[in-house]
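Have a look at this one before I ask anything.
So that you can tell them apart, the chains are marked A, B, C and D in the order they are listed, and the count of residues begins at 1 in each.
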Amino acid sequence: MHYIHQIPAYVLLGLTRGSMYALIALGYTLVYGVLQLLNFAHSEVFMSGAFGSYIVVHAVVGDGKGTPSWAVPLVIVIGLLSGAVTGASVAWTLERVAYRTLRRRGAPKLAFLISAIGASFFLSQLAGKLFNRFRGNGFPKYFDQNRQVLRISTARVQVFEVVIILTAVIMMIFLDRLVAQTKLGRSIRAVAEDAPTAALMGIDIDRTISRTFVIGGALAGAAGFLFGTAFSFSNTVGFDQGTKAFAAAVLGGIGNIRGAMMGGLLLGLVEALVPPIPHIGIQWTDVVAFVVLVMVLIFRPTGLLGERLGRAA
Amino acid sequence: MYKRSLARLGVLGLVGVLALTACSSKKKTGSGLTGGSSGSAASGATIKIGFEGPLSGDNAQLGINEVNAVQLAVDQANANNTYGFKVALVKSDDVGDPAKAPTAATALQQDPAILGVIGPSFSGATKAVGASYDAAGLVLISPSATNPTLTTLGFKSFHRVVPPDSLEGKEAGDYLAKKAKKVFVVDDLSDYGKGAADAVEAELKAKGVASERQGVDAKTTDYSVIAHQVQASGDDALFYGGYDTQAAQFAKALKAAGFTGLTMTGNGGKSSKFTEGAADAGDNWLFSCGCLDATVAPQAKDFSAAYNAAFKTDPSTYSPEAYDATNAMLTAIKAAGASPTRAKVFAAVNALDFKGITTEIKFEPSGEVSAQVINLYQQKAGKIGLLGDINTQS
Amino acid sequence: MTAVTVGSEAHESDIVFDVEHVTLRFGGVTSLNDVSLRMYRGEILAIIGPNGAGKTSLFNSLTGVYTPQEGSIMLSGRAGDPPQSVLGKKTHVVNHLGVGRTFQNIRLFPALTALENVQVGIEARQRSGPISAMLGLPWQRREQRESTHFAYQLLGEVGLAPKANELAASLPYGEQRRLEIARALGTNPGVLLLDEPAAGTNPVEKRELAQLIQRVNTDRLVSVLLIEHDMKLVMSVAHRIVVLNFGEKIAEGAPAAIQRDPAVIAAYLGTSAEEAAAQAAAAPDVQLIEGTTEAPLEATPEDTRDDGEVNP
Amino acid sequence: MNRVMLRSPGFKRLVACLAGSLVLAVMIGPQEGTQADYGYAFRQAVFKPRVFVFLGIGVLMFLLVTYWPRVTPYFTRPGAVALCTGLTTVIAAQFLLRWDDQVGNAKFGAVSRAVSNTSGLSPATTAFFSWLHWVQFLVIAVLAAFAVAQRNRMLAWVTAAFAVVAGGIAFYAHNDVISFSHVADHSFGAFTTLLGYLVVAVGCSAAALSHEQATHARDSIDRVLAWRPGLPIAAVGAAATIIAMTTSAWFSPLRLNASFSSTHDLFAGYGLSPISSQYLAWLGWVLLAVVAITALSSTYLRLRLGGWIAAGLGVVAVLLTVVTLYDISKIGADNNVDAATGPWQNLGSGGWLACMGFGLMAAGGFIAATAARTSTGSASPSTPDTAFVPSESQGGLSLRTASRSSKNLLFVGVVLALFLPPTMTEFWQKVLVSEIGVYVLLAIGLNVVVGWAGLLDLGFIAFYAIGSYTTAYLVGSLPHKPPAWLHMTPLLAIPFAITICIIAGVALGAPTLRLRGDYLAIVTLGFGEIIRITAVNNPGNITNSTRGPSPAVAHPRVHIGPVHITWGLNNLQYWYLLLALIVIVVILFYRLEGSRLGRAWAAIREDEVAAQASGINTPRVKLLAFAIGASTSGLAGVFFASQIGYFNPDNFVLNNSILVVAYVVFGGMGSLPGAMAGAAVLTWLPEFLKDQVPADDRQMWIGALVLLMMIFRPAGLIPARRRKAELGGLGSPPSSETRAVPASEGL
């Protein structure tokens, strides 16, 4: 069969897309874990990561022509780091401004959502004003992203796919270890499990929440860099990617780190594998994604892996 | 009694005068309260024209492409005193959204000093406001509303400098039918892209050429799946209905997926944004466009440079058309005489014959531009060049 | 175990709850293990036991929040109702069958007034729909009047009438407890399940509470099932006591008998039954009461979760 | 620098203020970076001398925040709040509002420049527009601040007088300009300035009259309103009517602003109907006198019967005024004055202002007639008449103690809603109809779901889409036509659209209601997207894809017996239709809120487990919330479709759903007036900002505003009584730190 023959290729594309979703979804899930809040502005953290890394990378390699091939890994690392730093600082500021003040006032949950929406509008439009509002980007082409690395059946593995999937896997393993094994991870889990008790145990809740935002922001910022190199970004890209990543987080069980990874990859795979099936069509991509989500939630109301951050890690 | 009839006379006189000057005297100059009864646009006076299009929101890019060109034309007219009067531009943001368009249109309609409007940019918005522009007697020249039905809905005020997407799509389909056995047609789910793609598909069907159809939302950033699907389909040609930025991304993804067939898009994709964005992936892409080669017209040579100098970016989709529409409008206002009114400008636009950088602007009674030649362009080595009338290409 | 002995009004047809061999597990944890008990109409039955003994799990099983894996629970809520199985019924259906309850950690509607809190309970049984409410049709108005009237009456009974228009969240702790009882009574229950109603209240409030429970029992003819750590309260109001430990029923009987039951004392003191028996013999009831008045003010996390979540 | 200093709150505050000022610099900075140079705007904004101005602002903010506690005591001085409000209003009026319809960008500065270029204006006008405006502002600000802070009674009276004069000068100067240019005017600048100065005057008088050291602004307002119920509103009404009769234009085609007295001469002999003719000749003045005297005297003397008489007379006066306005505009149209095509054109604002004035006097009379003699609370329909009702509790948290100011506000709102729109420019009428009104309706609907039942619905706009498409189908504007017998006018489509939306709401709700909080949010979001994408891509082209309905959805028509109304392009017609719909929905929902269902919603929102245990059938109650919310959205869809004619799937994007949620929460979740106010403010704001900032920056400012609003007033503009409790100090939780980390579920 025509379609079946192409499945390996679509799986590869799905994994690439899914890695991206997963990296962003982790931020949603971490924040949800500790605050039981949907951080709507997380998508803009992702967006600012892309712009931040652009500025740094652009300063380092200019338009990217003539970058020696030995420097490429270095440039990627610089890009990831600068994206992560931007993302982390935006996320930290966000927590300070839009969340902590509301927490102090004991605001209702929806107020957090709306302040996050306000912050999201603000950040995305401010970025539009500062940089530009055009879709499509001029990210420097410092390496041949589309060079074929290897071929598995119909799947032609290209450089950028390797970079994305590899980085995502490394970062996810890193995060998993971080939450499972470090002191910070323990305090995050404790806050997620039972904040008042954690506070009684001497855990500084504010600081833990702040750091959770920073971790999630760093991941999203790095994802922003990857996204910018591989696809195109603009000040409004965050919204759509963020919505999907939120869906991915819910799919896996929001508040659950491994769930977010799984949900992201699953969503990416579904989006790549289902629409090309004959008689479906790419235009139904989002519908397919949301229908899968609803189906999963109907049968497993708390997502694939359930929702506790503390329990799953 | 005597007094009363005098009063009556007064009112009658008043009514008479008002009827005569109903439109002209509404105009006020921006410099002072010296309004006076002349209200004329003698040399040195300022004329207002409006622009309606998306300046914010998801579709803002197209509106910015256009409004920049309109602004450029206005600035040039003021700097060179081309038309003998000063021009002020009033921008009105309709977000490209039919629901917001009436408000934006009203803002222009209620200002009696505005004599003509460039826009609306989007067909949906145009449909929502056409009737109210008719009622206000305010003439429209749209640079980009290409929906074929617009000129059949009876909007007297509506004119456009681009051929409808149905014509463009039909000719493109014709051409593809000559070249390919099976065509993959993709649109961006926008009014324009879908309209063009529909026309291509219909024409292919009429010519007995097989085709398949997909849609990719214009907000998509990852074109790899659809590109792979195109590549895997084994079709020998692709038509993309959509705008330049998206077309560029699609071109890159197609190249990465290894698609080697014929690739073609319409007017919406033909711009330097495509060339820049797609770079070498855009080579050999074909463009069908109801426009002249922008390098031939004398004023056109400077347009791109002036645009870049003013806005630090290259002109993009529909920028040249908007530039032309503005100059056409200003020419019409000049033709409307020393004291132009909306009604006079309206008539002058209908009688216009203006050679712009994209095409010769002369309107049919329906509001369509007369010159409906579809030309074929192709990108080669990073530059878009004219191949000639699409019908003569083989 | 010991034979059931209750007051003269006990007939087989007057069994409110008939719990037989109920076992409830969460994952690997068995929270109730083969528990059987009967509750008779008109009695005040207390369930006691140390923390984690499964008291709240039993409550949640009785009210349809949990469905035990084994056993049966038959309910005849109001006098004359035919016995029905509770298993698999939704909480609100169980409520409609005549079971009102309160919660271990107070669960009022904090942003509603005291009056409205009670009205919510009353109105759950009313029938007027949204259309009649929007149009203000006569029967809807009548129902609303009835609900307000009855709510004031209930607030009066629990001594909160002067505070009817205050927000539930602004009431002191003891009054919140009483308001919760009033809300439960608003649903016109045949049996009232009280989950640690005295937790966190002061001695005066405890005394008032005991009177309230007895009043409800005698005046409104409502059977009362009571979970309580405060032995003084339990001993003063309960007609009969069931003791749970580690999910199993270890004793059942009249208060005086329970106080001397070695197994119970052992469970509370965490010692072996023999030692406890010896101690009990030495100092009859003081030990038990003294040892357990320190009921935790805050619910333990485990209990809280039991209360709140519905794990299918 | 040591660590201690870096960690001190003062230092952190300074850093925050400086960072904030930089952000502000960027926000106000030049427009857009470019593709070639991303950092352009950033550098322009930050690396220029003007950044020091902003840093200075940052330092000022720092000082202000630091010394705020020393300033706050003064705010409790009698009149201080009014003073601040008034001065802010004046500043806003002179910087932000329009002062003319035509001149330049129509702001104060442009008019001021134009005035300086024009000769023939009165010296006062010239002076006001050149220097007097800021001199008088500064003098009054300083004097008033001194008077209020020092409690200097004499000075306060003097300043109050000054303020009245200053407001008068502003108003006079503006009128002078308008009458000079002879063009009808709709600007609010001068009015608002006058209002601001009057508020300042009120503040000063309060300072002069009060003997207390500290008052609470709201209390004093309530006290003033309670002194003679209805008197303030009647007095305002009388003043408005006098202004309308003396200075305002009643008939204002081009180059003619006929005031009330000259209108009669103008139309003499044109066949005015007797009533209108008499009205213009003498009846208007008599009505003014009679209504004013009865209203003022009955409210002052607290005469119940007099109040009723005043109310009745006021209503009669309004009707007569409207009839007269119709007559004169009809004659104007018959004579084709200024290209008028039908009645109601070329009218000035005078007639409508008179209607407002009479309306307010009627309201004053009504308030006086219905005011309870002794108690401070007013009876509302929900009060049970049982013997159990205890005395009203203090604290104003009860549903019953609808505050007096809100009652007065309600009347003012009604009068404004009825008579203000005709005086607005076409643009604002359009905004009112196609933005504000429609979204108010949507927000009312979503308030049921989000505010009352506590279910986060991010796909609400889908029902709006369904309503719109249903209408389009039923009027035959979609490719598939309905059977001929079903073909109907849009208003008849209302029940169908509502029914289909209810079905859709239940279909969405039924499988998803067991989901909690954010799960529900993403599912509803997905539902909204699915509906939109289906509208674009549906097989068989049911919705005509991106092209939208064609031909246009017909405008509504009503033909019932002798009544024939056809809606066309006139915005006002739509406004009154919309107003009727909104009023009906609000009344119905207001009853619903106080009903058993409203309490059940509040219960499940507060605590679902307890609600179940109290016997509430939670799935059913939630479904009802979904269905009722959806039906409102469907109603809005019908209105939208028939008013706009054309629409396409882009009108129903996710962003709109999110915006409606933001409107509801911004206004105050669960509060009907709040939801309406939130929607009105946030839909009005982008149009207002059009005059102030570049178009594509508007969303940025709105985002910032929403963020600030949530930070400083998380309960929203007009918090719901039931929600306020969650935020107020009542029953404060053990640790406020953990408050936002709820152990329980849902929203």
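In this section, a contact is a pair of C-beta atoms (placed from the backbone, for glycine too) under 8 Å apart; a residue touches a chain by one contact, two chains touch by 3 or more.
These numbers come from a predicted model, not from an experiment.
Colleague: Measuring between mean CA coordinates, which chain is farthest from subunit B?
Modeller: So the chain farthest away from subunit B turns out to be C.
Colleague: Could you tell me between which two chains the number of C-beta pairs in contact is largest?
Modeller: Highest contact count belongs to chains A-D.
Colleague: Please list the single chain whose C-alpha centre lies closest to the global protein C-alpha centre.
Modeller: That would be chain D.
Colleague: Suppose each chain is reduced to the average of its Cα coordinates; what separation in Å results between subunit C and subunit D?
Modeller: 50
Colleague: State, to the nearest whole Å, the distance from the C-alpha centre of subunit B to the C-alpha centre of subunit C.
Modeller: Going by mean C-alpha positions, subunit B sits 74 Å from subunit C.
Colleague: Distance between subunit A and subunit D based on Cα centroids, please, to the nearest Å.
Modeller: Computed from C-alpha means, the inter-chain centre distance equals 39 Å.
Colleague: Report the inter-chain centroid distance for subunit A and subunit C in whole angstrom, where each centroid is the mean of the CA atoms.
Modeller: The separation of the two C-alpha centroids amounts to 48 Å.
Colleague: So which bits of subunit D are touching at least two other chains?
Modeller: Each of 34-36, 536-537, 655, 696, 699, 723, 726, 743 in subunit D touches at least two other chains.
Colleague: Touching two or more other chains, which residues of subunit B qualify?
Modeller: 58, 60, 64, 189, 215, 276, 313
Colleague: If you look at subunit A, which of its residues touch at least two other chains?
Modeller: 132-134, 138, 194, 281, 283, 286 - these are the residues of subunit A that touch more than one other chain.
Colleague: In the complex of these two chains, what residues of subunit D are touching subunit C?
Modeller: Those in contact with subunit C are residues 384-386, 388-390, 392-393, 395, 397-400, 588-589, 591-592, 595-600, 602-603, 606-607, 609-618, 624, 628, 722-726, 730-731, 743-745.
Colleague: Please output the residues of subunit A touching subunit D within their complex, sorted ascending.
Modeller: 32, 34-38, 51, 54-55, 58, 97-99, 101-115, 117-123, 125-126, 128-134, 138, 191, 194-196, 199, 205-206, 239, 243, 246-247, 250, 254, 281, 283-284, 286-287, 289-291, 293-294, 297-298, 301-303
Colleague: Okay, in this complex, where on subunit B does subunit A touch?
Modeller: Residues 58, 60-61, 64, 186, 189, 213-217, 219, 221-222, 224-226, 228-229, 232, 245-246, 248-249, 255-258, 273, 276-277, 279, 313.
Colleague: For a test of understanding, state which residues of subunit D touch subunit B in their complex under the given definition.
Modeller: My answer: residues 34-37, 40, 102-104, 114-115, 117-118, 177, 180-183, 253-256, 265-270, 335-339, 425-427, 429-431, 434-435, 536-537, 545-548, 550-552, 569, 640, 644-648, 650-651, 653, 655, 687, 690, 694-696, 698-699.
Colleague: Write out the stretch or stretches of subunit A touching subunit B in their complex.
Modeller: Listed in rising order, the residues are 2, 5-6, 9-10, 13, 16-17, 132-136, 138, 141, 145-146, 154, 156, 158, 227, 230-233, 236-237, 240-241, 271-272, 275-276, 281-283, 285-286.
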